[in-house]
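In the two complexes below, subunit A is the common chain; its partner is subunit B in one and subunit C in the other.
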Partner chain A sequence: MIEIEYKIKNENGIHARPAGVLVDSVKNFESDIKLGRMNDFDYVNAKKLLAVMGLNLKKGEKIKITIDGSDEKEANFVVEKILKERF
Partner chain B sequence: MNVLKGVGISGNIVFGKLKAFKKDFFSMNSEKIYTEDHESEIEKYKCARKLAMDQLDAVYKKVLSDIGEEHAAIFQIHRMMIEDIDYVNSVTNIITDENANAEYAVWLTSRNFEHAFENAEGDYMQQRASDIRDVSKRIVSCMSCFSENKKNEDKKKAMIIGSDDLMPSELLELNRNSVKGFITMLGSKNSHTSILARAMNITAVAGLGDQLRPEYEGCNVAIDSLAGIVYISPDKTTVRRLKKKKELCGQRQELLNSFKGKEDITLDGKEVSICANVSHVSDLAAVCECNARGIGLFRSEFVFMGRSDYPTEEEQFKIYKKVAKQMKGKPVIIRTVDVGTDKRIRYFDLPNEVNPAMGYRGIRICLDRPLIFKAQLRAILRASIFGNIKILFPMICSLDEILQIKQILNEVKEELDAKKIEYDGKLHIGIMIETPAAVFISDVLAKEVNFFSIGTNDLIQYSLAVDRQNDKINFMFNPHHKAILRMIKLVCDNAKKSGIIVGICGEVAADESMTETFLSLGVSELSVSAPFVLGIRKKVREINVSAVCGDIIRALSFDD
Partner chain C sequence: MFDLFKKTKKIISPMSGRTIPIEEVNDEVFSQKMLGTGIAIIPNEGKLCAPFDAEVVQIFETRHSYILRADDGLEALIHIGINTVELAGEGFESYVKEHQKVNAGEVLGTVNLDLLKKKGYCEQSPIIFVNGDTFKFDFKYLDVKAGKTLIVNYCRK
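Here is the complex of A and B:
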């Protein structure tokens, strides 16, 4: 299992567009990908758009992403890139 | 008669009956109807869902080709929302658990998700809620779309749509046979909807605010978008006046159309080249339509906009190649990317500046970031074999900058040679003359390049020390100022000595009152936005340069 920690830098938080990009890019991975606030038990499936949007993540918040499965390395690469560019 | 003042968006003058655009259509379906026939309700939902996704695909493709990726992306996201498994499960559960009709199930699902977003604070939460509402509304309207559409088809009368605001997707779905134009309370000249309206050539006035009142529904309305005015129940005199204006407008366009295919030549036989400026892919169709001599300024910034990262060489190559081929051998002058903190692109990651006009911008960024610059040059060179491409470099202030550029260009050419990749070996390069420094060393610069292009906006700003955005002094932004005209003359004289040509690609090039002056000073190319090309051609053909030239040049000396 891979864990990523990240602090949101997007001025507008994670609204429809960045959430859409994330979901669209990870939906075909076999791995289980979860996303939520750090130190919070409320993790959601990163392959579900409305769930990701529903987290209402704002700039400055710290998040954690866990990736677990056979293609976790590839998924990790994609997730890292999206975090850097859009989150 | 009521007269409302707004902002003219596109088109000219149209008449019709005002019809309110039903924003609240969705709320009409919120009533729960008890039904135990779960299967047919779920089937109804599934069909509507499929139809809604097809619509969004179509809208996405249309906006992508007409306007660009930047504006199209949201429709893809809307489609993903419709596909979202939580949303689908919620709708079907409400149908089966609550014995509800499909419309109600969608309405309640939408309410629940909106609620979750609205509860959180922040400006952008509202936006998320409205996205959900928008897709839900679409699904519900797909359930009843057959009956709704028929109703509209019956009305053959000319209609004007009135609304608080129109979304691009809503504009695309209006019935073009009956809808003659639209007026909105919100909106501005540069909104997505306005850009689209211009591309579709539909008449519109936006930004009417509270002036547009619900009780006007059903009234006769006249839109004059040339003046940005809407008349509610116009009186006979006004209607007559507007019809006359529309006729004149049509006549002028017809007259101008008769100039298609004619040469750009003055009465005394001086050849001028009238080209079009392109700042968007969607401008290309208009450039061909207006019969321009070529593209005098292709603002390559738009290739870089609306993205999260730099476009690759390959992506750029495809765009430049397409443009070169589409212009079929007519010249295409591509200006290398010209950004700065006043024309910001996020991933360039430019620091904030106190004085962006004099800051890190244009060629300065390119020379500082050679990898980005080289990728663009490689893409342009590779595309050059598909047409008649020339490269234009912005914001030049010194000879050294040109020498550096030529050095880099040579490196790129050598790399291409090594890989045996073809390009136009005789490709012309030119520079923008938009700083006073470039004007006064234009004799030296002329020996290094194949052409000059005067960027009037910046040249005037730097020379007269006037910021056009500043309301207190923008009246001083004067293209007729003798200092500016003398500079243009100096540039043209120096260019002539080296046998190169001078063009003007700023907004002022479209000002017919200056055409005579420009030609007299020695300018031989004018590049304007497409709608002005034929007007300027008409003007050029009425001018006798040798007859007026002497007076115009004498006037520069203040001896009059």
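Here is the complex of A and C:
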């Protein structure tokens, strides 16, 4: 399992555009990919748009993403790229 | 197109104006259907109505987007304007609350379209069916009245 920690830098928080790009990019990985606030129990499936948007993540919040499965290395590469560019 | 033995349901336009194919929206996240299939409205009035009987699942805090769920499980994201999250709520009013049940045609909120345009935002408003994979859709492209004109027929696959 791979864990990524990240602090949201997007001025507008994580709404349709960044959430959509993430979900669209990870939905075909076999790995289980979860996302949520650090130190919280609200982890959601990163392949579900409404779940990701529903977190209502704002600038400055710290999040954790866990990736677990046979293609976790490939998924990790994609997720890190999207975090850097969109989140 | 539709199987006679499956129940076809109707969606009415949430805004007045004109409907266009989602592929014509000036934003690749919507036009490439990254969020799902759908239809877009070019509104000429700021009133937003419920397009079907629904539960309000989420209203983003800036009130520029709504997520609604129908009894049959269909989930729609209504996004008023493009990039309008940046307005941080300016120009948007909402009259409903999350988890509230609404009837088709009921007014959900308003947007100040003049303000949107003055600030340089595109007013195209996509309706995205985020779990549309399990449904078939027949989209209608025409001039529409909020809460009146049929814009989509759909049924389960």
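Going forward, the second predicted complex is superposed on the first by the 87 of 87 C-alpha atoms of A that agree within 3 Å, B and C clash if a C-alpha of one lies under 4 Å from a C-alpha of the other, contacts with A are read in each partner's own complex, and residues count from 1 in each chain.
Note that a contact is a pair of C-beta atoms (placed from the backbone, for glycine too) under 8 Å apart; a residue touches a chain by one contact, two chains touch by 3 or more.
If you're wondering where the values come from, they're calculated on a predicted model, not measured in any experiment.
Asker: Fit or clash for subunit B plus subunit C once both are placed on subunit A?
Answerer: Result for subunit B and subunit C: clash.
Asker: For A:Arg86 in the superposed arrangement: first (subunit B), second (subunit C), both or neither?
Answerer: first
Asker: Does the superposition put A:Lys64 against subunit B (first), subunit C (second), both, or neither?
Answerer: Neither partner.
Asker: With both complexes superposed on chain A, which partner does A:Ala16 reach: first (subunit B), second (subunit C), both or neither?
Answerer: A:Ala16: touches subunit B and subunit C.
Asker: If we overlay the two complexes on their shared chain A, which of subunit B and subunit C does A:Lys34 touch? Say first, second, both or neither.
Answerer: neither
Asker: Now for A:Leu49: first (subunit B), second (subunit C), both, or neither, which partner does it touch?
Answerer: After superposition on chain A, A:Leu49 lies in contact with both partners, subunit B and subunit C.
Asker: Given 43-51, 259-267 or 367-375, which one is the stretch of subunit B whose C-alpha atoms run into subunit C?
Answerer: 43-51
Asker: Just to be sure I follow: which residues of subunit A are touched by subunit B in one complex and then by subunit C in the other one?
Answerer: Touching subunit B in the first complex and subunit C in the second, residues 12-13, 15-17, 20, 23-24, 49-50, 53-54, 56 of subunit A appear in both lists.
Asker: Note which residues of subunit A are touching subunit C in the complex, please.
Answerer: 11-13, 15-17, 20-21, 23-24, 49-50, 53-54, 56
Asker: Which residues, counting only subunit B, touch subunit A once they are in their complex?
Answerer: Interface residues on subunit B, with respect to subunit A: 73-74, 76-77, 80-81, 84-87, 113, 116-117, 120, 122-125, 127-128, 131-132, 308-309, 347.
Asker: Would you mind writing out the residues of subunit C in touch with subunit A in their complex?
Answerer: Answer in residue numbers: 27, 29, 34-36, 57-58, 60-61, 65, 67, 75, 77, 79, 83, 85-86, 88, 130.
Asker: Quick one: in the complex, what on subunit A touches subunit B?
Answerer: The touching residues are 12-13, 15-17, 20, 23-24, 48-51, 53-54, 56, 58, 85-86.
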